[in-house]
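Down below are the structures I want you to see.
After this come two complexes, each holding subunit A, first together with subunit B and then together with subunit C.
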Partner chain A sequence: MYLFLGVTAFVSIFPFLWMVVSSTNPSVGVTKGRLMPGTHLFVNLSNLVEQIDLVRALANSLVIALITTGLALLIGSLAGYGFEIYRSRAKDAVFNILLLSMMIPFAALMVPLYRMFAWLSGKMPVIGIDTKAAVILPTMATAFLIFFFRQNTKMFEREMIEAGRIDGLGELGIFLRIYVPTMRTTYAAAAIITFMSSWNNYMWPLVVLQSDAKKTIPLLISNLGSSYSPDYGMIMTAIVIATLPTALVFFLMQKHFVAGMLGSVK
Partner chain B sequence: MSIRMRTRVTGWCFVIAAVVLICLFYFYPMIQAFNLSLKSGVGTNLQYVGFENYKRLFTDSNFITAVTNTFIYLIVQVPIMIILALLLSVMLNSDKLRLKGLFRTAIFLPCVTSLVAYSVIFKYLFANDGLVNLLLLRLSIIDRPIGWITDPFWAKVTIILAITWRWTGYNMIFYLSALQNIDRSIYEAATIDGASAFGKFTKITIPLLKPIILFTSIMSTIGTLQLFDEVMNITKGGPGNATMSISQYIYNLSFKYTPDFGYAATVSYAIVVLIVIFSYMQFKVAGDR
Partner chain C sequence: MKKWLTVVLAVMLLLSACSSGGGNKQDSSSGGGNGGGDNSGSASGGKEAAEITIWAWDPNFNIKALNIAKERYNKINPDVKINIVENAQADIIQKLNTGLGSGTTTGLPNIVLIEDYRAQSFLKAFPDMFYELTDTFNAADFAEYKVGPTSVDGRNYGLPFDSGVTGLFVRTDYLAEAGYSPDDLQALTWNEFIEIGKNVKEATGKDMLSLDPNDLGIIRVMIQTAGKWYLDENGEKPFLAGNEALKEAFQLYKEMMEADIVKPNADWSQFVAAFNSGDVASVPTGNWINASIKAESSQAGKWAVVPIPRLAGQPGSVNASNLGGSSWYVLNVPGKEAAADFLAKTFGSDVEFYQELVTEIGAIGTYIPASTGEAYSAADPFYNGQKTIADFAKWTEDIPRVNFGAHTYVIEDILVVEMQNYLNGKPLDDALNDAQKQAEAQVR
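Here is the complex of A and B:
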């Protein structure tokens, strides 16, 4: 049992170790299969900054991920709260229809969405092709987040709503002043899921972002990975940097992270 | 009465933004896609052709290759991963095990990486002169490098290994949390009755985990049918079209070859239909108790 678990754990970690070790080695060292840390990290870093606009890609990814997370949480939690607290037969039906959208693969949406944004480019260039808005808009509302907030709202005590009404709070006031602070852990879990999926999103940005200045981290890594004479040490450094934010989120908030994942099946 | 009306209106106000956005960015595009799938032509120059595109699917060898590849991934990878994840979760759930947290974190770690980042790492690890071949050669397990990326068969193996590496820990966490909710006394009773470890696994664990196994296998099936990032970044669909997935074929049809949006939309509908069929089948299979 220990052997099996040990081997699996090793296989799971090995690519990470190799990635970190390789980021400290020159390209030749990586191709020769060097498994010892080297002293080339700073050279790799400076190559990265000089040859590739890593900082800009990081900034692009960060802006997109933060805005997406903020908006998605707001829209998703409002809806999850609305569907649960103000339940009615019509709303339940609408909710079930929204859930169907989880079955739609993104590949099926890609072509019509691209055409939609291409058309928008002519009318309102600020949200057309090659803008951050075009990346953010289609991912702002997801049935998953609505479902997630709705499930968690079932544990929110209704008496608190009554208490709020007696205190003279409006319906939105109850949501903002009572619901949001009480549901902090739900928001944390939702924020982690959304941030990670936005940070790692590849297919839609690949289709909609065209100029180099707009590229996000996954697009940059993908480009580096397909270059013909790759500088392995430098590419590995880029991957380490790209993985750091999500790894940090995971290690600092492991509980919320797992809670968020499991929340989808409660 | 007026208060009830007001609450009803307030309720709709809470959900309206989400409803509008999902209709706009999911349902409306699906209608558009259907409309597009009835047209054919290059770029924006499209003409109605009725169901011609759908007929074309059955004679399009690229489409058939993409579907076959996706099915191979599905049939081989999903069961392997689910069995592996189940075994790991049962082991990690045992009381006697030490270093539980360490093993769990290590096995879950791959889920932290972005699909693109890990794909590039796998591409390098499995290159002809990559580390995997280097180690296998040095250990004399093989005497010639394996074409992990360049051979049609091994390239599929690489893709399957990669997906399994990335997602096993993810599924394991679901099983682990479900196992922790199972009452220990059931196992104690079974032990007293003389049940073997294997017997307990098949007679108690599997049946109790059935709903969660169903959930994860549907999620994995949907995920595999949409496979894109890995094939795009590890093999680019090659060699030839040996690893091309359906999603990648749609991408190629729209943005790599001369754009044929109409036919690309037709292929999109094929994935939707497959997802619906598979989810339905899995529900049916798991439904018979």
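Here is the complex of A and C:
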């Protein structure tokens, strides 16, 4: 049993370990499959800083991921709460259509979306092509997050809403003062999921961001790998740096995350 | 429940029909929309003309070349602001397809680098979106094989850039152990190459070359030595069944595998590792591999470059071929005249610029007048003083011209599968006939 677990753990951790080790080796060392930590980390780092504007890309990624996460939590939880608590005849039909929208692959939406934003560029350049807003807007409301919040709201005690109403709270007050504090773990889990997917989002930012100054971290890493003679040590260093924030967010909120996921399964 | 599902599906269908209808309507009115875009373009016309954006990949190669070009061009014309944006090659394809496919010009660059194998697919799918360059440079000054993929119906749309000229990079020390010197390898056939491979393996235990089963680059190299391609001369119809050069290439590939002189690799990093770690005695590929070979500096003096082998069974086959390479294209968006002028005065005519490309980044262009410059005749100590650039430039002029057409990679995907079937015992004619049928079904 422990042997099996050990082997599985090793298999899942090995790529991560190899990535960290490789970031300390020169490129030739990486291609030869060297598994010992090397002394090349600082050379890789200085090459990296020289070749790409790492700080600016990290800042771009961070701003986009934080704003997306904030807006997505607000919209997703309001919608999920509304779908579960309020009664309406059209509710289920609307919700089902929403779920069906999860099945449309993003590739099919990309060209129409691009057209929309190209059109917007002419009217309102601040949210047109090549802006952070253009990256955030299509990703801030997802059917998955609404579904996730609705499922978790099923555990939310209706009596608390009644109690709130009796004590004279408005509907918004009930949501903000009672629902949000009690559903902290759900928010944490949703925050991690959204932050990670926004941080790692590749296809849409790739298409919509044009200038070097706006690029996010995954786009820059993709550039590094496209060279005829790639410097694998440097690429690994970049990937380690790009992984750190998501790892950090995950470890900080790990406890809530597990609790939140368990809640959604119930 | 079932009924309900039908209703939902019907609604979905209706919605999608509506949306595509709306899309079409937008298309027809996009003349107005584009007009608006153009107006705003011409309103800021003065500014637009003075700023051009270029997309390319590889910071150590294409981007460096652009930076040198920018510096030189700004000495003649300091008013033009040149924006060089680095994107991975696959990313450029994605962005171009989305941008061009959406029918707007917003966000598109003025100049873009496209690989020669893919160029025709863009030129044919979006004929109005590329700006004709026929009168801005002299196509006859460039290696003839580059003109085919960059032009449509005799009109030039691309300005040729790097040469994908191939060479056979060999480890002289391994070959010496088997009793060969570079002089014995000057005009090889692929059959002789395999014989040498067997002897090298016997003498040193090293494989002759490393191949990725999912990448038939070596097949492309082989058939281009005979002036043949996966498609006919017009680049329209697949030409697999009855293609004698392709047939011979397949037979040679199988022979190599059976002679056990091939070290398989699964991706680029393993391919590079194979020669960096000294596991293979030769690398038959494009000159652009030079930088990766030199990356292992401990192997200095142990390498030489000889002409690529030819096909013994094809009468017109020569010891010169091509793998990869790309060219510059100007998009039909505001600022195109400035973009064309930039290309014409740098990549299109500047001999000195090409000398700088060779000395600074080892990039070999396809501009024939440049090969008379002094940088081209420099000796390279890594290759024991061989004048590699001059050799490559000489072979570039001999590369047979073929029409890559618009479907090189589509057909290659089919051939990869049929190659495995052939290696597993399927008769060769059957394999190529089946590939022909599949290709004809897909390429229309």
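The rule we apply is simple: the second predicted complex is superposed on the first by the 237 of 266 C-alpha atoms of A that agree within 3 Å, B and C clash if a C-alpha of one lies under 4 Å from a C-alpha of the other, contacts with A are read in each partner's own complex, and residues count from 1 in each chain.
Criterion: contacts are C-beta pairs under 8 Å (C-beta built on N, C-alpha and C of every residue); 3 or more make two chains touch, one makes a residue touch a chain.
Values in this document were obtained by computation on a predicted structure and should not be read as measured data.
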item	value
Joint occupancy of subunit A by subunit B and subunit C, clash or fit	clash
Contacts of A:Ser229 with subunit B and subunit C, given as first, second, both or neither	second
Which of subunit B and subunit C A:Asn96 touches, first, second, both or neither	second
Partner chain(s) touched by A:Thr182 [first = subunit B, second = subunit C, both, neither]	neither
Touched partner set for A:Ala247, first subunit B, second subunit C, both or neither	first
Partner chain in contact with A:Ser46 - subunit B first, subunit C second, else both or neither	neither
Subunit B versus subunit C as contact partner of A:Gly122, first or second or both or neither	second
Contacts of A:Asp130 with subunit B and subunit C, given as first, second, both or neither	second
Partner chain(s) touched by A:Gln210 [first = subunit B, second = subunit C, both, neither]	second
Larger contact residue set on subunit A - subunit B or subunit C	B
Overlapping segment of subunit B (options 1-9, 127-135, 163-171 or 217-225) - the one that collides with subunit C in the superposed model	127-135
Footprint overlap on subunit A, where subunit B in one structure and subunit C in the other make contact	30-31, 33, 110-112, 114-115, 203, 207, 222, 225-226, 232
Residues of subunit B touching subunit A in the complex	7-8, 10-15, 17-19, 21-22, 25-30, 32-33, 36, 84, 87-88, 91-92, 94, 97, 102-103, 105-110, 112-125, 129, 131, 134-135, 165, 169-170, 173-174, 177, 212, 215, 222, 225-226, 228-229, 232-233, 236, 246-247, 250-251, 254-255, 261, 264-265, 268-269, 271-272, 275-276, 279
Sites on subunit A touched by subunit C in the complex	27-28, 30-33, 51, 96-97, 100, 110-112, 114-115, 118-119, 121-122, 128-130, 203, 206-208, 210-212, 219, 222-223, 225-230, 232
In the complex, subunit C residues that touch subunit A	8, 11-12, 19, 23, 26, 33, 36-37, 40, 53, 57-61, 83, 85-91, 94-95, 98-99, 101-104, 106-107, 109, 268-270, 272-273, 276-277, 288-289, 291-292, 295-296
For the subunit A and subunit B complex, residues of the former touching the latter	1, 4-5, 8-13, 15-16, 18-19, 30-31, 33, 75-76, 78-79, 81-83, 85-88, 91, 94, 98, 101, 103-116, 137-138, 140-143, 146, 171, 175, 199-200, 202-203, 207, 217-218, 221-222, 224-226, 232, 235-236, 239, 242-243, 246-247, 250, 254, 258, 261-262, 265
